[in-house]
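Residue numbering begins at 1 within each chain, and the chains themselves are lettered A, B and C in the order written.
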């Protein structure tokens, strides 16, 4: 069986869910004949028809509002943002209409809001962002950031089957860069469960999305120096799997949080607070974080490279923790 | 019974009497939820004038409205406290109306009217609500042909006319006490800057009492009237309410002070050993006194590995390396108690004796044993740790100080006259070192794990010998100070060190240290680095010596020169000999060819 | 208000679904006119002026405000009983709001109260045109529409009093509640214009289930300034979704007159730009409102797409109870007072048509008041919420089986035929992989 890219894994997930459940449909810009800006929905219109692959005007608020309305009639819309940067255009709709609906008036909003996020592709300030924390801060949403093809497929299926609005952030750097063989049978990856991507005893690196690979690279380098890092892939940011993080910290006593999102208000702060609450007594060093800088994502490759965290920075910080 | 008006002794009665009998305060109303103050533009009455309730009394102006404010009561305007043009906060008393009409317009203090007779305090506030229990919500609509003979009293409250409204002003009562009212029938009018509204009665019945007269501003939810079931009830009949027993404030015997804090210092001392949450937890679990554990982490911190090794050695009976000195405070205490009662784990049983292992192996040898002072202990700890941490190497340079000695001799009086400071040699060394550190930043660094931290600031520590030990205050940003500034810093730090007036920050943040073993005549010393710095310079004694010098014609001559040894101790982990020597040669050159004036 | 719903066949629905667009007529055949159903045309403008005496800036109105109110236009669709029915809803709407005002001034209402005074005819008659399967997206002043769609006055009072058994259990206020199951009402949010896109989505969802339905929502002359208004209605137009948008032009967006909200003469003109039908009605005439809404709903149910109805009227109170609306020029207020929708409709029913005798009318009013008194007693007797008990209600997440998500109308049939090109995917429960 052939290896499948991260992007194809998402397409497979959409395809299989649309076949499994006719109440699933896709809505977004250029997702029909063109197959989406990144071709995630390619072929869906031929298979499921224009009724279930709805091309829209360039109007993010209309996409989200219409998805919500269709959800009220018992359907499961999957709304695509061409770049996740444009999710800010529908910020009010997502945070006020969708996120609060169930709590306010008992109306479920079973909607997936998906799109490509992340930098490393020289997309500049408006095609590289990681806006997850705006939504992690909003009660009522779920926020999912898969890092592997396996998880991308398993989580898009879980997101579609979920009865809540799920922000599903696909890292565009990974779209065609990673491949793996996927099980032939139907499977889902549960939302809200982190994964230990690499075991280690000396230090825990908590991360997600494309930074998983940076963490794994750093862990390899550190292993050559005799420092065995455990790497946790969060997979879901909201609800956060604090148990898995705490379990690892109790084992390694040192923790480094790595994310591509900017530093201030990034999830590293939240995770650090959770660790303080859950396992302060097990810390043998301060909690460290490696993140991108508090600036917009710069465009020029050398600037972007300096902006993004890398394996060297992670290894350096890990060594500092060890020597602390 | 005379009633005391001293609010300190009988605040409750005082408040009641104020409400009942004192002249009516005229207050600045709140004319809008965001209004905090108002300006009085005009008084329409003068002190001594008669006023009738609801008659315009003064005019105000606020950010939102200009309004005529009606008198809250009838009587004589006794006092105007705020003159036109003045701006005051809402609820400020701006005038006083004497309801009795007594023309004592200048009475300075609130004269106490005769108190109500009878010991239970008359409490008009309780008059309405006390007959039928708690105020209730309106009864179901019933045609109010006749008020029920008895029935629950309903409080009429000031409504909240806007989300952020705190107060409202009653402008008019449409019913008088004793009149019948029907639910939803207009009862009174209120005014704010946003709305003037008629407020309907919340229930049917008889208006028993108006608690807040027209013209008054009260907070929302204040009970402004009561509607009762008893039509015959005298509206103001005071209902005997048992006086609340005075709170025993001030009477209660002062509680015995909580357990004295004296015993806590031992535990504090243990806490001060640098460790981590995990290490402290392990220590508590195994009854380990952290002061006994050798810390190898950054700054001597006890790491997880340190304490695990300690416990391991204790189990196997291996002697512990370099235990830290016991805190002097611990001496009178038999044995520092383990933190918290510890469950006897299997490890704990064998570990427990560990705390006692550094037993006095010289027991029986004649002499006296004195605990080390805190400073001694710290120096001891720090020097041991430094020797263990850094790979010390030393080098010695001979410096011709003649030029500086002469300069100082020539300038010291003028220097003192113009600056008030004694000119010493130390600022010369500090200046030369700062100059050299700028050229050799590696000397101004520290080792952090496997990294080298080049410090941005040049902060030079100056060792000061004290009768009771040694301390190293730090000249911050030494490279940015003028020569006079350096001398001032040196003098100030030295004086304060000897007077024990140094602040914690005065001894922190050093990036390089100068010590002075020559002060008592040593030719040079081999100083130990002050961690986490990587180098230290020792200044030997200046002595006159015969010295070969070369004159400008190239002839060698023997001259009498003021010579001095400078030693450098450096950390060979990151500084190689060539680097240290070049650094020192910059210092030497700078001193021998001193280039700058001292004033 | 029972009407027999016209159910288009599934075939019809499919043929009329959004992807087919009829050919654009040649330029000379295109019409750019907007029908105006009103019997009089309010033609005044509100501007700013400076009072030379006081130096204060205020609103002034220019135009003829002397005319007597026009008669009610006979409905083409409503029967006598239906007219009386609508009148009863309007009375209930207005008198319920009077009760709310009393409750507010007695400090029993939490927060503010928003009134639809002067707009009852528009709220009630428009909602009256909806069928059971149609949807309603009310705005803050459409409490009458909520009543018509099946909520009780006690529901609305409890909502304002933040009671434990309010439709939102005290979690939200005013008209911010709905019912996606029985009554097909979508709760609004405070941001204006959002429900237009939501109603488009409701129609999209229904169409996928083989049904063309009507989804009625409102926007004010102030709210229509928002960008989402455009995005939502344009999407509905492109997809031919059955949104019925009533622009309630009540002349004031909070304190800003409509002449400071938009430049075009009539907001219904905007329909031309969307490529959809637009119509102007007198918002104080329930018959005109009903007829226009009914026709728009019928278009929607035929799958012909959205309609924009501009209903002209005036908000006869402030934005909310704390707003005395003193910025409204008095002649303007007097003009519209004469056009009170309830007084006019009463006159129409009692005098013009003589469909109600004076006695019958008195009884009808008394009946409404008696009903409201009961509702008020029930609402006042309700307890305030207990924070400790609040967790019994639904949480922020819809988990743990609190809802079954399934198509409301019927199963989706589009794209379900197997074609064999898809990657193999097993049906049934998925294995949960925890790697």
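Throughout what follows, contacts are C-beta pairs under 8 Å (C-beta built on N, C-alpha and C of every residue); 3 or more make two chains touch, one makes a residue touch a chain.
Remember, it's a predicted structure, so these values are computed and weren't measured experimentally.
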Considering only which chains touch which, how would you classify the arrangement: line, ring, star, complete or other? complete
Once you count every C-beta pair in contact for both, which comes out on top, A-B or B-C? B-C
Subunit A to subunit C: how many Å between their CA centres? 39
Using mean CA coordinates as chain centres, what's the subunit A-subunit B distance in Å? 42
Determine the centre-to-centre distance between subunit B and subunit C, using the mean Cα coordinates as centres, and give it in whole Å. 56
Which subunit C residues qualify as touching subunit B in the complex? 102, 104-108, 111-112, 318, 321-324, 373, 376-377, 380-381
Of subunit A, residues touching subunit B in the complex: 253, 280-285, 316, 319-320, 322-324
Inside the complex, what are the residues of subunit C that reach subunit A? 17-19, 135, 167-168, 171-172, 176-180, 186-187, 189-191, 194-209, 215, 227-228, 231-232, 234-235, 238-239, 393-399, 403, 405-409, 411-416, 418-419, 421-428, 430-435
Contact footprint of subunit A on subunit B as seen in their complex: 276-281, 297-298, 301, 303-304, 448-451
Can you list the residues on subunit A that touch subunit C in the complex? 12, 15-16, 18-20, 22-23, 25, 43, 46-52, 54, 56-57, 59-77, 92-93, 96-97, 99-110, 139-140, 142, 150, 154, 157, 163-164, 183-190, 193, 195
